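Below: the structure, in structure tokens.
Think of it as A, B, C and D in the order they're written, each chain with its own count starting at 1.
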Amino acid sequence: MNTKAYQAAVSDSSSVSTSALQAISQRFSAIRSLSLRITEPLSAEDCVIQSMPDVSPIRWHLAHTTWFFETFLLTGISDYRPFNAQYEYLFNSYYNTVGKQFPRHQRGLLSRPGLDEIIDYRLHVDAQLGHMLDEDLLDANALHILEIGLQHEQQHQELMLTDIKHVLSCNPLLPAYSPTQRQTSESHSLLGAIPLEWTECDEQIVNIGHDGNGFAFDNEGPRHRALLQKHSIATRCVTNAEFLEFVEDGGYQRPELWLSLGWDLVCREEWRSPLYWLRGNDGWQEFTLAGLQPLSAAQPVSHVSYFEADAFARWAGKRLPTEYEWEYAAQNSVQPGQRQEGVFADHLMDNGEAVQPQPQAKEEWLGNVWQWTSSDYSAYPGFEAEEGALGEYNGKFMCNQYVLRGGSCATSSTHIRTTYRNFFPPQARWQFSGIRLAD
Amino acid sequence: MNTKAYQAAVSDSSSVSTSALQAISQRFSAIRSLSLRITEPLSAEDCVIQSMPDVSPIRWHLAHTTWFFETFLLTGISDYRPFNAQYEYLFNSYYNTVGKQFPRHQRGLLSRPGLDEIIDYRLHVDAQLGHMLDEDLLDANALHILEIGLQHEQQHQELMLTDIKHVLSCNPLLPAYSPTQRQTSESHSLLGAIPLEWTECDEQIVNIGHDGNGFAFDNEGPRHRALLQKHSIATRCVTNAEFLEFVEDGGYQRPELWLSLGWDLVCREEWRSPLYWLRGNDGWQEFTLAGLQPLSAAQPVSHVSYFEADAFARWAGKRLPTEYEWEYAAQNSVQPGQRQEGVFADHLMDNGEAVQPQPQAKEEWLGNVWQWTSSDYSAYPGFEAEEGALGEYNGKFMCNQYVLRGGSCATSSTHIRTTYRNFFPPQARWQFSGIRLAD
Amino acid sequence: MNTKAYQAAVSDSSSVSTSALQAISQRFSAIRSLSLRITEPLSAEDCVIQSMPDVSPIRWHLAHTTWFFETFLLTGISDYRPFNAQYEYLFNSYYNTVGKQFPRHQRGLLSRPGLDEIIDYRLHVDAQLGHMLDEDLLDANALHILEIGLQHEQQHQELMLTDIKHVLSCNPLLPAYSPTQRQTSESHSLLGAIPLEWTECDEQIVNIGHDGNGFAFDNEGPRHRALLQKHSIATRCVTNAEFLEFVEDGGYQRPELWLSLGWDLVCREEWRSPLYWLRGNDGWQEFTLAGLQPLSAAQPVSHVSYFEADAFARWAGKRLPTEYEWEYAAQNSVQPGQRQEGVFADHLMDNGEAVQPQPQAKEEWLGNVWQWTSSDYSAYPGFEAEEGALGEYNGKFMCNQYVLRGGSCATSSTHIRTTYRNFFPPQARWQFSGIRLAD
Amino acid sequence: MNTKAYQAAVSDSSSVSTSALQAISQRFSAIRSLSLRITEPLSAEDCVIQSMPDVSPIRWHLAHTTWFFETFLLTGISDYRPFNAQYEYLFNSYYNTVGKQFPRHQRGLLSRPGLDEIIDYRLHVDAQLGHMLDEDLLDANALHILEIGLQHEQQHQELMLTDIKHVLSCNPLLPAYSPTQRQTSESHSLLGAIPLEWTECDEQIVNIGHDGNGFAFDNEGPRHRALLQKHSIATRCVTNAEFLEFVEDGGYQRPELWLSLGWDLVCREEWRSPLYWLRGNDGWQEFTLAGLQPLSAAQPVSHVSYFEADAFARWAGKRLPTEYEWEYAAQNSVQPGQRQEGVFADHLMDNGEAVQPQPQAKEEWLGNVWQWTSSDYSAYPGFEAEEGALGEYNGKFMCNQYVLRGGSCATSSTHIRTTYRNFFPPQARWQFSGIRLAD
């Protein structure tokens, strides 16, 4: 739900019901604690490193998500005493409206505040917000911001997992994030992937975008009519086995398969496979959060850039779907409001399994791997950003990025929906990003 | 017309008529000689410099356009003797299918072959092609390639003008490209710009893309149905006077007006105005091909990046049009097939006027300044690239670029049409690129 | 003592005496434990960061010094079991003879092994060496290498202090390394600096370099005759107050005072004062290991580059001494073999004082601040590097570096001598480097 | 002769004699015209390019040498009308005392003024100075500056030759600077190189530096006493054949032979041979000013950096001489004041021979190739820079450079002497720089 729809919905009733408040309170508590669970297998040292500018230290994620609640809900309250006045500057990511920011690429230069102090900071803010929830001191707008803060924290939880994976991959020791997690549950590994099939769709006008029931980010709306061309779309994602064919067919050596910018990158960075693949003496392996593993043929390929996704599609004689084609197909397959089954971070962690894609044993649209679309990330017709500083959340990034859909094994099941628009620059590949084909 | 349509059209008739051949021959001769006319005011030294990676030396343009004809029409003919076998490598721009290329950013390191030798190269290739045209030795496919070669040379003529402007602007002497050209014709300067008005359009399905009558690049097709949202679009472009208001209102100091990547660039490059504006003691001036001139209030603003166009639109409470909105509006205003009136390079040069935008005294869609659209440069549904090496012409650049429409004062009147899709990265501003607003 | 002299000395006696062995054993234990004492005030997070390529993480210093003993004394012993076989690669600094090295500028990317594991590594190697010392299993050559290892560790102890100072200075919180240490002892602060006087010296032939009594690095020899010009040299170093005059006289704005490379750097990096000076509302402050402090007028200036030292000397109408002039003057003032009084890291830490320069209340040649000389770092006539991998210790760095003499407040008193040659590139200023003038 | 000695000498006599003036006038005319002779084989395009920051366009050299005379002799004369007031800025190289400078690395961005206009500029200044020489209007100080200007122009003539060689080498066509010049005179090529012998020298005190008879740059003085160690020095330079042995012995693959900074460079730049060597199908070739030539075994190796010279010496079990050792040996072999026989630019050009090293058929100290010494470029004891802006000529570059002695085939015979100190950074290799060994 975007701001306006949400406010309308809430202000219809004179107050939020007690049971709704309890639900919010539980959700707040559950999401906040998941961040600490993600941190648990890590040492204090692990939480310091910024292995590339795109990556942030784990400690920074823990602090910044807290800063978000503090800045947008607590600062300005007359009797609120900030935990540390300098954090406003240190942990602001990109909100020019709030103030200057410590330079992003220097986040790895900070050893203080340490992990313990940042956990204290979290407790300080949680206590304050818990009190306000208990005492029903948050109005509708504040509850809306609280919800954005929780969604925001869920986004950072995914980044924590992909960032620490990148950090650990830079270490020649190739340490596991959590060696005790099971790599693949039996239920998944035994089944293998379903055959690749195609769903056809005729030209038609469809409704795209969020309908206002439940939370949504501003960039998911407004819902609007769009014309789809006749096309077909795959029922599952490309597997490691299929991508390996591309690799072995010289896919990374043939310029005619690549966008020009992609080919420059392949040459300059000497890309020869997806990000975490390693060719060993005994064949291909993949670095995972559970350490180095043999490459799983049936798993969907992940950690590919838009350039690789696009080149693979051209090699296969297909193309990537538009985000509208993807959303329409997903709408027809996913029941909104139902609990999502599938491969999600929260489920995997609850089961003691490593956060890693799993073979798609049935048609699946949400979870497992993000799917690159051919759509650049731009505003829907009539788009209006959130008001105030939160308007910087999405809109200002609508340039030179491509939309990914569907969520991944590092996404929480309560965070994703068919209208959700993720976005990354075409060269990014440290996310669990994969490929679904269209024709 | 894309390749397939063109070939179909030509092969309907068993041969091209004599008068058609004469017309092609005249057109070939006229376009080839315009490149030399553009070079005429320049010294041999002017033709060497590559002032930034995007710019190519004038000599390189003269050679590369010739290489294009040689490579795609002459090489492979049994008795054709290449002018210099090493030119294949030296003057290949980006055709991997043809072979390796001398690195683009090093084009300014070549002093040989000199200007005279390159003109000899042109004469060599022109003589050969003239002979083949006279003797009717070119089949339909060859004539199609010849036409692409001419369109290609017209594109480079525009680049020659914008590149030499950039080269000269790097010299503290600020020399004029041609001090003898009149800066502005009286007919233009006296009229001023028309008032800014808006053309409204309801939601509707329209046809977008080239219909196959006459030449078109592959990226202009296929023609397809698209849904326009209700909107309105301006009848003329933003003027220097209007853009100056933005500058003076702190437009370049307010992050909330900018896309995030644009703001980074504004800070890093210390942008404070469009590319060639200079603030002197007596007010704003603009570097033009006729040297430094007082800023003309009524001229459309040019040499702005996509970032500046987008920020201006946000400041004005408007937005940039999509390329579909632009094309639909232009179709309703421009009669296809008619000689284009307006501000074009060939007309200006025939009149002895400097190549420079002119005040828009009437509703104009073609010529004067390119207009940034909000559309990223991507394939139309069902797009198929030209076959062979010429397939590298357009498709592989469909990433991180934005579409500009309409042509400019540096475009030839015989080169532009309403379906024409130009494209540049969002930071580019050395083209005559301006702003048309939508709402 | 260089290798050959040392080996000769040791092999004269059939074995090292028991008391000598005990002394070595105590010295080994004392030096190894000082590294841990330096680490003690730091968090695990502090020990991860590499704030610039010149800096290494504290954990890396702890491991590399241990690697040195392991590689040169334990590896190759038949029954030695390495702590971790991959450490050979991870903690090799620059010994090509030993093998490949993990890239220096990426040392900050490693979170594992963690601090605890590295301390275990230290204990593992210490136990092994302790056993060998106890059992008298080290021959003369091994004892020589052990001594180099200890001297090497003392060098890294100085770097640990200067590196962590740099790391902490990058944090806007400006945290103190150890807030509990006293900033300045009373005995020092009350006295102030002695007046600046000059020691004269006529032209003469002198002996320069180490005479072979006691340990010396290879680069300190061979001792040789050299011709000194007539000159004079200052009895103390330049103070902060004196350097402040230079700053306030526009020293950083006047190109005529600077070497050309230095002036480029001043402009590019916008240097306006020594590295850790900060101009606050209440005057100049200096970031120290005890946190931000008011600038002490009487302390010798430190954290200046060769460029700043040279520019200051030119501004003062003087010059920097040659390393030969420095060594000759120091020889006449310092009694070799005596316990060094003065401002040294070990003494300061024993006294609970912060590692920070102190006013020079008497003529002092060793301790407090390193003194830039005008001599480039090059081989003495007849120089021979150590044999084997240890030959890479010094000689290969003899290019584009300048010699510093005398040791600093971060040097151990048992590590320094008048023949000691330290060296850094002319732009380096994160060491405690100061200025002594000559004329 | 440094400034002070020169002024003293001139002011002894109340005026310069008529015959001396005529000699100066002829010398002025000869040197100025040589710059144009060097330019003669070049096209206007050749004179534009700056192929790396160290290189300047030929047109820039022609203008800057003229600017030198104009700035230091004509500007300030009441009735002098500058050719173009903006040239003061455009053609100032590095004299901060004179004013701001157009950025060095952007010299290749200037196409105007063109070659013809710069030649007019030369004629304008030459006419003015010719008039002043004819009318005896230059006082002793002005004549001293005139002499510096001529020496300065001779330095730039050498740079013109080495810079255009670099420019042409960047072109895959590998064009010759002058294909009509003979590559090697018979007299040279038939003889081959003399055997490598060694001149021994005992420890002794010698006089180093210029004695004040005739012109010298400030950095050659003051003459002073220095102590030489016992040593020996080679009678000729290292040949291509000898250097090829180093190459084929894996010299560029063995880190133990290299200074650390040199090894970094070898790896980063993938150096495998001297700068202009190319390995073809038929063996090694060398790019020369006469185009690509088979590598001459007997010629002295040239275009090696200090790093390569030092690595070769280490491989050969020798070392580079100090500049004092070199000067003392050369003094004993060269008669001062005599016309220099040997391989010099002016002689070669007079003979129609290409500027290229020749086999050393006899003991030679001047000409052919510059010889790297192990001495960093620093001030002699008691050094005083020229007064005023000319004080920026030498002194401010005394950092991170090494001294080369002896001149090269690109030096004029009237420019060189045994006390002459040339200097370049250790990585530079586009000069005719070679190797003489010492032991």
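Operating definition for what follows: contacts are C-beta pairs under 8 Å (C-beta built on N, C-alpha and C of every residue); 3 or more make two chains touch, one makes a residue touch a chain.
All of these numbers come straight from a predicted model, not from anything done at the bench.
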Chain whose Cα centroid lies at the greatest distance from that of subunit B: C
Chain centre separation (subunit B, subunit D; CA means) in Å: 48
Subunit C and subunit D: spacing of chain centres that average the CA atoms, whole Å: 39
Subunit B and subunit C, separation of their C-alpha mean positions in angstrom: 62
Touching two or more other chains - residue numbers and ranges from subunit C: none
Touch-based graph of the chains, sorted into line, ring, star, complete or other: ring
Residues of subunit A that touch subunit C when the two form their complex: 43-49, 51, 59, 86, 89-90, 102, 106, 108-115, 167-168, 170-173, 175
Parts of subunit D lying in touch with subunit C, wherever the complex brings them together: 94, 96-97, 203, 205, 224-227, 229, 231, 255-256, 258-263, 306-307, 374, 376, 378-379, 381-382, 391-392, 396-400, 426
